[in-house]
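A short write-up of the structure that comes next.
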Amino acid sequence: MHVPDGFLNVSTSIATGVVSIGVVGYALRRVRAEMTEAAAPLAGLTAAFVFAVQMLNFPVGIGTSGHLMGGALAAALVGPWMAVIVVAVVLAVQALLFADGGITALGSNVLLIGIVTVAVGYAVSRLVVAALPRRALSAAPAAAIGALISVPAAALVFVGLYAVGGATELPLDRLAQYMLGWHTLIGVGEAVITGLTVAAVAATRPDLVHLARGARRTLVVTAPDGTTSTVTSSRSEDVRPATPRVGRRTAAIALVVSLALAGIVSGFASANPDGLEYVAESLGFIDEAQDSAVAGGPLSDYGLRGIDNPYLSTGLAGVIGVLVVVGLGILIARLSLRASDPDPDPEVERIDSSV
Amino acid sequence: MGAGHSHGTGSVSDGLFVHRHTVVHRLPAETKLVSLVVFVLVVVSTPREQVWAFGAFAVVLAVVVALARLRPGLVLRRMVIEVPFLVFALLLPFVALGERIDLGPVSVSAPGLLGAFNIVAKGTLGVVAAIVLSATTRPRDLVLGLQRLRVPTLLVTIISFMIRYLDVIVDDMRRMRVAREARGFEARHIGHIPVLARSAGALFVRSYERGERVYLAMVSRGFNGALPMLRARVTVAADWAGAAVLPATAGVIAVVAHSLGDLTAVTLGS
Amino acid sequence: MAESPADPALRVSGLAFAYPDGHQALFGIDLSVDAGERVAVLGPNGAGKTTFLLHLNGILGTAAGSDSVGEVRIGGTLVERRTVADIRRRVGFVFQDPDDQLFMPTVRDDVAFGPANFGLRGDELDARVDEALAAVDMSKFADRAPHHLSFGQRRRVAIATVLATDCDLLVLDEPTSNLDPQSRRELIAIVEALPVTTLVVTHDLPFAMRLCPRSVILDGGRIVADGVTGDLLTDPALLARHRLELPEGFDPERLRSAPRVQAG
């Protein structure tokens, strides 16, 4: 899938080069901040691994074999930023040491194979892993699905690049069809290999699978009377800070201001039509407007039905609206917090071993 | 990505380097890198209608290959990498839009034909240029060259480690394959993929753990975050001048090609 | 840190350590090594030898924030977070796998890595590198890449990388493992000629007998024997108790009467 020199014109090559340099530069800073000095040897060794595993022949039958691209796999194992660097390094070494992939096309190749594959693969994997049980092995199917989507996504971006900077006029929809079809097939292979490899790592060293960071082990606890129970472990990263990020005072002030605006000031709001209504009236399509499904509801049109005083009606509707939104927001936040921490009360962190 | 690289004997970490004593080999890596990038950019920006220009580029590049005393067979063999995009180029005349012309029994798109030539010519010249670079430059010197081109030290160090341990990791992988085959396993059909994936997983764990041990060794020798800069001899203006000959010649050809192209456009009144 | 000349090169007191997963590896180690001594650390696999060694330059231990108690003093200086940078200059650690230690593009770069981290530059650095390479007889290979060297050559360069830091205590982890007999002989000659205090973890009992007048046996995270090597190796009950075995045909009794080599 390496783009050679001459496929895309000079300006596109330079543009993708600039984008790639920017993203890789940012990734370097993130990785350095996270792992400090250990980043260099770990990234170097991971890059050597990706290069080596790209050499593996995976048989797909009838005498043909497929190869791994590795973007989604790298992201699942070492995280997105390190993965971007690792794949970029592999591509650069391939271009400079092995004449594999055009030197001027390096920017495009890093963008497609390094950045898009990693970004899409990681994003999809994270979404999937959030929906699965919090065990280390869940990272495997999540990584597989991420890999599956990542390859056609990169192919799509390639079609986009070609549309902008390709040399020959091609029917773009035909090109897109062909590229998508072929690369979806490749994506399937990539998914299978990625998933199985992540599973293999998660089985022995789950701590080395970045995607499995949220996983928790279950531990057996024996009570003094001999009964056993299983609990899910927690780690110190799970403990929420004592002070919330938004201080209570700030939240209270925000709530009061919202209520005041909605309850009092709103009564004095202009009755003139808003931008859309005005244009609709002037151009004569205001009559096309249909009532919303809740048009007959108790709070419709920013008023409380049954109360005749317009200020009171609007004001009360406003107050109720603010309270409903705030309440819903708190509910959603609580639910999502619970989803990322199965035990709201941090359980025992050390188990006394009776050795 | 193209088929895996098989290098038989000789270490992977050496890349395509072929040891010779030539003027091309002696040039500092950064001058060669810049020279070849500029050359390829010039080639890519040349209008494809000026078919003769690409012949001229090829001649110039062939002179460099000869100067570097690289065997043509070596260059041709490495050009096999091109094959996947040659397939794309072959399809182009049949799928492209634009006016059709008859090529014997088949009707192909004229722009498509030109486009195919465009890809083949530029891609091939690019590959040969890259082969010249890798065959005449030691990987270590290439890394040094990158450092002198102000690539961030962290990135240079990562590349350096990768090259250093490429052999070790590929060796690990080969040994795993030998161990599998010694137990009668040969990967032949799709059902064998899980076994290979398990090896891949084990390879990752080994590689990462080695990375951790390397870090420990670095720390034991006083590493505290300041990455080491490699030392090299000074690059002089003469070196840059020598390396500039190739892209300069190409530039002349390109300028002629561009003006001829404009001339043709003006003459045809299009 | 004022150290009296009588400070031992290494003093370990009451060292105990457990891994993060709770498994305790060291159960109280006391060891004192004087300047110039060469001491072999023997013991079965899993006894905690490498874990013990990693405490000597602060990779494990209180300096690293591990679950450890006890003290390690190098030449009188306590190993703690504050002193760890200096300790690493003074303790030269040669790991078992030379590939883990030779991570730079050429031999010269690797040997220069240590002293460069400790502040050497320019001609002084070059001189130190040349000296260290000469000590291991690898001067001709200074500009080679490590993957072009044989295993034995890589072992020797690994030793050079720590010699170059001008260390006070040399720690070798299984220096003769996987060496062919000729390389092993060359390595013994090199270590014999080094004047620095040396601690060697080894399974190679003849090597211990030949080079180290004193040996300790580490088993189950404790030092269970400490004495003259010849005495230890001629005590079959002791050897059997700690799963140590003499190689076929090796008779320590014969060597006891041979002249012993002392460092310094």
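Observations, loosely collected:
The chains carry the letters A, B and C, assigned in the order they are written, with residues numbered from 1 in each.
Keep this in mind: a contact is a pair of C-beta atoms (placed from the backbone, for glycine too) under 8 Å apart; a residue touches a chain by one contact, two chains touch by 3 or more.
Only a predicted model underlies this, so the values are computations on that prediction, with no experimental measurement involved.
The chain with its Cα centroid farthest from the Cα centroid of chain A is C.
Highest C-beta contact pair count among chain pairs: A-B.
The geometric centre of chain B is 44 Å away from that of chain C, both derived from CA atoms.
Distance between chain A and chain C, defined via averaged C-alpha coordinates, is recorded as 48 Å. Separating the CA-averaged centres of chain A and chain B is a span of 33 Å.
In chain C, 103 are the positions where the chain touches two or more neighbouring chains simultaneously. Multi-chain contact residues, meaning those touching two or more other chains, occur in chain A at positions 41. Of all residues in chain B, those that touch two or more other chains are 139, 160-161, 163-165, 168, 210, 214, 218, 223-224. Across the complex, chain B meets chain C through its residues 11, 13, 139-140, 143, 160-161, 163-165, 167-168, 210, 213-214, 216-224, 226, 228, 230-231.
The residues of chain B lying in touch with chain A in their complex are 1-6, 15-16, 33, 36-37, 40-41, 43-45, 48, 78, 81-82, 84-85, 92, 95-98, 111-112, 114-116, 118-119, 121-123, 125-127, 129-131, 133-134, 139, 142, 152, 154-155, 157-166, 168-170, 172-173, 187-190, 192-194, 196-205, 207-208, 210-212, 214-215, 218, 223-225, 227. Residues 1-7, 9-10, 13, 24-25, 28, 32, 36-49, 51-61, 67-69, 77, 85, 89-90, 92-93, 95-100, 102-105, 113, 167-171, 174-175, 192-193, 196-201, 203-205, 208 of chain A are the ones touching chain B in the complex. The part of chain C that touches chain B in the complex is made up of residues 57, 59, 85, 88-89, 91, 93, 95, 97, 99-101, 103-106, 109, 112-114, 116-118, 145-148, 161-162, 165.
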